[in-house]
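Please read the structure below before turning to the comments.
Think of it as A, B and C in the order they're written, each chain with its own count starting at 1.
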Amino acid sequence: MIFLLQDIINGVLLGTIYGLTALGLTLIFGVLKVINFAHGSLLMVGMYAAYWTVALSGVHPYIALIVVVPLMYLFGYFLQDIVIKPIFKAERDVREPVTVIIVTTGVWYILDNLALLVFGPQYRSLPANPLAGKMFQIGEIFISAPKFFGFIITILTAGGLFWFLQKTRIGRAIRATSLDRDAASLQGISPYKIFNVAFGIGVAIAGVAGVVFVPFYNVFPTVGVLFDIKAFIIVVLGGLGSILGAILGGIIVGLIESIGPQYMTSTWTEAIIYGLFLAVLFIKPSGMFGLKYDW
Amino acid sequence: MNLLEISNLTKNFGGLTAVQSFDLTIREGQILGLIGPNGAGKSTLFNCVAGVYPPTRGEILFNNDRINGQMPWDLCKKGLARTFQIVKPFSSKTVLYNVMVGSFSRVRSVSNAEEKAMDVLDSLNLSHKKDTLAGNLNIADRKRLEIARALATNPRLLLLDEVMAGLRPTEVDEMIDIIRQLRQKGITIFVIEHIMRAIMKLSDWIAVIHFGCKIAEGPPQQVASDTNVIKAYLGEEYAVS
Amino acid sequence: MKPASSNKISLALVAAAAFGLPLVMHSATYLHILILLYFYAYLTTSWNLVGGFAGVLPLGHSAFVGIGAYTSTILYLQYGISPWLGMIAGGILAVVAGLIIGFPTLKMRGAYFALCTIAFAEGLRVMVENIDKLGPFKLNGPRGLQIPPLDVGFVSFQFNSKVPYYYIILIMLVLVLILTHLIARSKLGYSLNAGGEEPEAAEALGVNVARCKLIAMVMSSFLTALAGTFYAQFTLFIYPKSVIGLDLSFEIAFIALIGGRGSIAGPVLGALLLRPLSDFTRIYFGDKLPGLHLVIFGLALVLVMIFQPRGIQEPLSRFYSKIVDRLGRKAIVEEA
């Protein structure tokens, strides 16, 4: 019984962090209406950024947020501006902007393999990791410290994002653009600028996720691939554009992943997650809390 | 005979009633015009008839056949064709290709489809542009192409959705001639239009819709002087010619 | 010289060259490279039926390759059935799979369709990697299946020299190109193109768009599975990542996209250009700069999509027409 409780707690903690990876994606998807297949790679970039910041300067991993987040924001902003915007403009009236999907996949290939070329294929973990193996003990239950802190950071980030979207001018502009691109531009909001900002924020959140993962997850060039598909599954599960959906969806996936292996091999767990994904797509494509988007 | 009979048609979208208990009959060979202020429910009515979505309540009989909720492609085979208010050409393909898609609803082979398409293009004076990419046409030609495509499906009833929108006065006159020619070929026409002089000139019969309900019906002159209609259009000018 | 007949002449010349090549060139290495080239050209052309004509973005087509490969291999290894028959069986299974996955997904928005195909292919790969035995059929999980090179002959689809393989895949490629050409100039082709570009307008013109897309999906999955059997018989070793991998799915899609989906020549041109490029970079830079060929791939994809979304076949065919035009005019001048 204790083991089940332990698994549940692990599942919730890890799942919430998965939700963090999906958070940036759901924002981009919700605002730009675009599937960004490069998201996993951006996460990988975030992880490497966090890794190198810590490895080169020796600061505590979470302090690295100060460097990584703005860096990732700028990266995302310019990626959208230079690579994706021209296609958006060309495909303005096209019903299904498939070309953007293709381009983001190209970006994925480029980023993953550049990382392979530049950093090499080896798995890296933080040297002198102050959080390595640290655990809290509550009764008979052990809680991994980095996962717990990651959980806290995720909740703060999600809350911050929610506040930003509701209370700030730019945040409201982002929400307006996601509801109706043309109406927003009639209000004096440049939709392309909003896209850049939204993309930047989405990537910055991926940077936060990178920092959160690095203390307990190895970094290697293709680490993004594992999270990419998982993030999409979570976004679909939770519903496009929904912050709460991303977190809850992540928790569901996290729970399946941590409880599942007790009753079946971990790779069947993977198959179940794919099955759940397909089931949601067939039955309720808008997910748990998704905005009604005409599929 | 009555080609199209709409009885008690109601269409709700969630809490919004777009069309309310609408009755309308179109006789074969007629040109029937549907007018009404913006947002009155004209396109919704069209879409229900054309199979885009089923009505919430009511009956639609086409050629004495109940067509509620049938799919647009089946309706096309039965002889009901429509154009779109915002034209939807296959922009990356030639004019000829566009019309051939329509012909294929009636014939199987490419050569027959091409022949049929050329006939239609000739009748609409578009054959000199058969190899132009549809995306490169001006708006007047695009509207013609829209009609040409629908014509290639051998319709008995043709639904024209604001086919004159965006046209210059001379182009409007040309379009009036085209529509009259279509009627001479034996096609019944159900037309939504905002350009009053066109619809007054063309229609044998006019129905007026306002907030989803029919508020007047009759020959053009009678409708034009109906007080309810004038009230609904308060502020709009129209000329009866 | 009229363009149509000059096209036919050049096609005939190319075909003659391709068929005649093994008579003059005996290098096994180059034959191997060409065989794989034709293999990819075949895969991209089959993919094009759904990805190009139907206008959707399938990113999980390797699932059909795997179904074909595994079906024929299992039937051969366990029951001694000739891989030629196994090929057909694989094709039929692939059709069933195509129907199951296509029926609910082809109605969805492009992006969601793409995700579904990925989920399906990856789900299949995960399952095959974890199952040793499915009922009486041995799948052997991640270790894959090996075909012992003992039974040489046409019926067992095994040859000692590369030449028969060369001709088989070349014939398959030519057939699938002819099929694509016939479909393009048929009612199905017109309907597919229309439905892919403006589905509402197509439906109003009598096209049952969803059904057409399903037909395209079914054809494509059948043809793709046939190539899976060929691959199994050519390499004599299949394992999940090699035939049901995401890499293969993506490579097929991207070659077709860069070449120009929706056209007949595009996928083949894409393969002709990108496969040698990828082989070259892998052979010469593989050790020192691993992954470089994928960076180049990704870069090509991004650049082509930004500047030539219809693929490189568009500028290439315009260039080709210009040359033919010039030659034609030169010929007329010289005659005069």
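Please note the rule applied: a residue touches a chain if its C-beta (ideal position, glycine included) is under 8 Å from a C-beta of that chain, and two chains touch if they have at least 3 such contacts.
Just so it is clear, the structure is predicted and the values come from calculations on it, not from any experiment.
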Of B-C and A-C, whichever chain pair has more C-beta contact pairs: A-C
Greatest separation from chain B - chain, by CA centre: A
Central subunit by CA centre of mass proxy: C
Chain centre separation in whole Å, for chain B relative to chain A (CA means): 48
Separation of chain B from chain C, taking each centre as the mean of its C-alpha atoms, in whole Å: 43
Chain centre separation (chain A, chain C; CA means) in Å: 33
Sites on chain B at which at least two other chains make contact: none
Residues of chain A engaged with two or more neighbouring chains: none
Chain C contact footprint on chain B (complex, rising order): 50, 52, 71-73, 76-77, 81-82, 84, 88-93, 97, 100-102, 104-105, 108, 110, 113, 149-150, 152-153
Touching residues (chain side chain C, partner chain A) in the complex: 56-57, 104-105, 108-112, 114-116, 118-120, 122-123, 126-127, 129-130, 199, 250, 253-254, 257, 289-292, 294-295, 297-302, 305-306, 309
Chain C residues within the chain B interface of the complex: 185-187, 190-191, 193-194, 197-198, 200-209
Chain C-facing residues of chain A, complex: 34-35, 83, 86-87, 90, 95-99, 101-103, 105-110, 112-114, 116-117, 121, 221, 229, 232-233, 236, 265, 267-268, 270-271, 274-275, 277-278, 281-282, 285, 295
